[in-house]
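Both complexes shown next keep subunit A, but they swap its partner, so subunit B is in the first and subunit C is in the second.
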Partner chain A sequence: MMELLLMKTATGLYALATALAVKYLFNRDERISLWMLRLLVAGLVLQAASFGVRLKDFWAIPENRWFMPINSFYGALSFLALAVAGVFAVVEGRNRLGILGAFVIPWALVCAAGAVGRAATMGGTEIHGLSPALQSYWINIHPMVLMTSYAAFANAFGVGAALLIQEHQIKSRKPTELCYRLPSIEELDTLNYKIIAFGFPVLTVGIIMGGIWAYNAWGRFWGWDQKETWALITAFFYAGFLHMRYVKGMRGRKAVYISMLGFASVVFTFIGVNYLSELHGYLSGRG
Partner chain B sequence: MKIFRSVRFNIFLGLLIALGSAVGTFLPQIPDAPEKVSAYQFAHPEIYRALAVFGLFDLYHTWWFMGMLGLMAFDIVLCKLWNKPPDHGIIALPPELTREAEIERHLAQKEAALRLKPFRADLTTEMPAGEARNKARAFFEGAGFHLSHELAGQAGASFIATKHRAQRWGSYTAHIALVVILLGALIKGLWGFTEMVPVLEGRSRAVMSKPGWQVFVDKFTIKYYDGTYEPKSYSSVLRVENGSTVLGEKTIGVNDPLDIGGVRFYQASWGAGGMFRSVTLKIGEHFLQLPQRTPGKIEGTPFTVAADMLLPSFRITNGQADSDGLDLKNPAVRFTFMLGAHKTSPLWLFENDPKMCMVEDADGNLSRAPVPPFQLADIDPVLFSGIQVAYDPGFKVVLTGSILWLLGMIGTFYLHRRRLWVVVEPSGQVSVGGWSSRGTEEFSKEFDALMHKLRARLDARDDFKISRNPLAEVAP
Partner chain C sequence: MSLVLVGLSHKNAPVGLREALAVLPAEKIFERCREEGVKEAVVVSTCNRFELYLAFDEGQSKAPSWALTLLERLSGTRLSVHAYQHGGADAIEHLFSVASGLDSLVVGETEILGQVKTAYEKSLAAKMTGKLTNVLFQRALYLGKKVRSETNIAVGQTSVASVAVQLAERIFGKLTESTVLILGAGAMAELTARHLQSQKAAKVVISNRTYERAAGLAGALKASALEWEKFPDALKEADIVVCSTGSSEPVVTKAMAATAAEARAGRSLFIIDIAMPRDVEESVADLEHVYLYRLEDLESIVADNLKNRGGEVTRARELVVSKAKEFHAWERTIGTAKEGSLKHSEAA
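Showing the complex of A and B:
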């Protein structure tokens, strides 16, 4: 229960960080931004501790030893929350834009709250033995790599949303203070591109790793399973974004729309496909 | 041909492939779930007929879907052959008859060429041109740049300094990788095969795709997590023979197949098919072990009893006995008691619920029976091991493509190519044009710092100037 308690507290901290991030949009008090970061980092630390407790309990089952505890929806959601918050901490640490918190931290909060909600429905944090197919070192690599890319795309989505708001502000006759607070469209556009240029290779390499695992476990590299197919569709969207930007020089709003379609596909790949795929369905219990 | 090289056309094609793929995830597909396709056909015959015309129930193998993938591969090759990565010198010119004439012409074109670079620095040094060139060369080499396209003569000197040169090939490698991966898939489609071979423990079965090959499962072992029917491991002692020759043997488990010359035998699934070696009936204090369909006498009574059928996951469908699957989730066995030529109605007993008993009438309909004085104590089922036999001669090609993709991605997105065009004129005028694969911003500070260091190295005058041309070409 310690794991869940830590997770709940971390979720609470993410919620507070989100509230401060939204407040900071309209209030240029740097202390708010500072506290937002402090709460986010505190949430990250607590969540990491929760993950540590989870590892200890998970590894108590001999078959699970040294494998990552993400064979359940709770495990996947909580890891994703950790990754989104972690990637944002890196992006924020490097770019010091502050204002982006309001657009990205909510995703960490949604994932963390989703995990807490799932634990409430399932009556626990879903620690159970790995099915034989998942007892492979690939479970430590393939889902982790993919979720890192999802986290990057969630960050890019936040940046894209900020860009759309900024463009709306600039075009409107009465721009509010927000217009002066948000980074320039060019800056947001570059950041959106940079995050996707990091996430896209990670996504595709993650898909390929899944193929190699599938070949070792089931005898085929690619089987058009729903999860595989939707991951490919996601990759198509982001490849389209990168090509339009690189080759056609597309910038701004239109480019953001394409990347947002990509993110919608990410969300569907992560959650929606659970209802379609048996091989990859967290909800079907097969991990 | 022009349309196939168009980025817009290929993005449109990519979107069509994505859309087609998405449709396939919402409809049952014949290779994955033929039974679901049949159920769909039964439930919606009209819609089924309309969709089946386009092959939507085996979408990923339709000519139109494969055609789109093939066209995409063709377009990638075409695009990449057409647009060789430009890597000319200061300006692309045909070679002159003499070296000196070539240098002169390059220098004459200098202004026009450098104007096209996003970064530019101009400085003047008192040093002789030869010394300035050598110092500039040494400076850029020391800063980790690779020097190329070197020209030096009476008319002046020029060279190109580049860092992370491999980035130039990143996009090529990645696109070629996609074609290689598709090629691997094509090879599998043409010469590979996949076949599911369920083999009962202790029995054997022929592999249809490899005539003469016989798969033996000498032993099948399954272990469950305590208190559940979730398997924690399952494995088969496997032997493959061709006539009297043993081709290979191994205890295979999930993620650990047997490989015979590229033909791989995977532990894919398992199940109870309805056969059993024996069941144990507890009658009072006595235990009676019964092989399948072999009557046994109940001690101290004139009755005999026989067990004929096992349902691994018992459920009632339309009032009759049925199984929910092949897992041993709710195993039930059917018994018939006999007295001479007389038989009782068949009774179903359950391993998980000793107090439950169901009686089956002549039409197979079930009804609840009172708690019987005997229980089903144990079942020793004959399990079948689901062996997936697969031969994929394209896998190594796919793997090569995957490695190329990884290298291509690293090249394209994680390497940062910087290119500097350096021109030294006899007057001591040194001009540097700069370009970066990551656009202007990222390189800006680095360019400034480099130029300040170069200025110090060449002991240049104060009229040192750095300028930007944001409208300059994006490509080098």
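Showing the complex of A and C:
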């Protein structure tokens, strides 16, 4: 219960941070940005504590010992919220780009609220024993690596959205206050690219690790399971983005559209595929 | 203790008079004050104002007119018609308004804050400050910052050239890696180039139909000159293009800009057309990654900014008045048994 209480509080803090982030977009008061970051970090700390409690409870089941508790929707969503908020705090917080909070923190809120909602429908935080196939050290690596890339892509999506707005602002020749609040086009473009340039190899490594685990568990490297297929589609979009950027010098609006398609694919891979995939269904409890 | 202010500003005194006072060294005023036993004096002297703040000990209080006479004698000019004289609460409120930029020619400008700071430091170095002036000026500087951060009084540039530079920064971020191409060698071209250089633009190239004029301006600006025939090629390298030639036909055509944009492989191109009649074909604005601003676009941004600043004056004034009241209340407790304290952090 403690785990859920901490998680709910963290979700509340993310909601407040989101509200402040939106307020900061239109209000030139640095204190708002400061409090946004503080609330976000407080949420991160509570979520980490919640995760600690989760580990303790999860490991109380003997066969789960030392394995990560992310074999369920609740586990995955809450971990993703933690990762999105964490990447934001590190990347944008460090670069003093608090203004991008309005575009990124909502994703942490959505994931955290999704986890809380899931717990409400399931009547708990989905702590149960791992199926034998999942009792492998790979569960500590493969999903974590992939979700790190998802968190990076969520951040890139936020940055891309800010870039579309900024480009429109300046192109219109009637820039509003927002134009002076947002980072420059080139900065946003570079940041978007850098985050994806980080996320893409992480995603690729995560997929390959999945293949190796699949080989160990099921005796095949690749089986065109829905999750595998969609992960590959996601990778293609981001590879396309990086290719167009490197080779063709594509920047700005069009590049953002490609990366956004990639993110749509991430969301589908993470959520939609659960309804299709037998092997990767959080819904079926198989992780 | 009591406070007195005598001053002249752009609002009521002609330039000649302000100049006569501006050359008056603060040291000379401090010297006279010491002779008269006045221990606290601060001189705020800028091209738009000259103000003398004096603080007296209890018992030796003098009227503002005493300070006025002092200034008249030192400068050898009659000032009375143009000068303002305030004592006590009014003097405090005046200094707070000045520091907040409410009394400036361009409302909210920030230069004045630095000037007030310098004035105070000069006085501090000359040991001409005391309890009242120390707290008063530190308070004024703090309030000046507070007003600018909590209201929008200092938001938005107020000249065409500075708006252009600000937009360039919204596109490229820092301009330290940006190349600037200036077409034309007139006054506006020079002004904009100087603004861009003040933001550390990496490289400035000037091209003009008459090469000698381009070379002349380039020499003055530490920029390089370029033959007119070569400028279309230079568009490929330039990030910011400032057009202000006297040509009656557009000099930058859509075809030219399209070729440049393609060669730039997605890097933004910012074209500022401040020429009348226009130097750049309107359809250039349709090109991807090309941002075209014309003189009227920049002027309407300036007008909006000035309007916004004006709208913030009331809010800023409220802050100034409330802080002045608070300070005055504190001032009256100095030396009494119930001397209060002022904290920077307390609520406005």
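Brief remarks on what is shown
We adopt the following convention: the second predicted complex is superposed on the first by the 285 of 287 C-alpha atoms of A that agree within 3 Å, B and C clash if a C-alpha of one lies under 4 Å from a C-alpha of the other, contacts with A are read in each partner's own complex, and residues count from 1 in each chain.
Criterion: a contact is a pair of C-beta atoms (placed from the backbone, for glycine too) under 8 Å apart; a residue touches a chain by one contact, two chains touch by 3 or more.
Since we're looking at a predicted model, the values are computed, not measured.
Once subunit A is used to superpose the two complexes, subunit B occupies space next to subunit C without a clash.
Here subunit B and subunit C are compared by how many residues of subunit A each touches, and B touches more.
After overlaying the two complexes on the shared chain, residue contacts for A:W230 are found with subunit B alone; subunit C is out of touch. In the superposition on chain A, A:A120 makes contact with neither subunit B nor subunit C. Of the two partner chains placed by the overlay, only subunit C lies in contact with A:P175; subunit B stays clear of it. Applying the stated contact rule after C-alpha superposition, one finds that A:V45 touches neither subunit B nor subunit C. The superposed model places subunit B and subunit C at 140 degrees from each other around the C-alpha centre of subunit A, with the value given to the nearest 10.
Shared-chain residue A:A60: touches no atom of subunit B or subunit C.
When the two structures are aligned on the shared chain, A:F221 is found in touch with subunit B, with no touch to subunit C. Once chain A of one complex is fitted onto chain A of the other, the partner contacts of A:Q166 are limited to subunit C, with no touch recorded for subunit B.
Of the two partner chains placed around the shared chain by superposition, subunit B is the only one that A:H128 touches, whereas subunit C remains out of contact.
Using the contact criterion defined above for the overlaid structures, shared-chain residue A:I208 touches subunit B, although it does not reach subunit C. Across the superposed structures, the minimum distance from subunit B to subunit C, using CA atoms, reads 5 Å. Shared contact residues of subunit A, touching subunit B in one structure and subunit C in the other: 248-249. Interface residues of subunit A facing subunit B in the complex, by the touch rule stated above, are 61, 63, 128-133, 135-136, 190, 197-198, 200-201, 204-205, 208, 211-212, 215-226, 229-230, 232-233, 236-237, 239-240, 243-244, 247-249, 273, 276. Of all the residues in subunit A, the ones that touch subunit C in their complex are 28-30, 166, 169-171, 173-175, 177, 179-180, 182-187, 248-255.
Residues of subunit C that touch subunit A in their complex: 149-150, 152, 155-156, 166-167, 169-173, 265-268, 285, 288-289, 291-294, 297, 300-301. Subunit B meets subunit A in the complex at residues 7-8, 10-11, 14-15, 17-18, 21-22, 24-26, 29, 31-32, 60, 184-185, 188, 194, 225, 230-234, 253-255, 257, 264, 266-268, 388-390, 392, 395, 398-399, 402, 405-406, 409-410, 412-414, 439, 441, 474.
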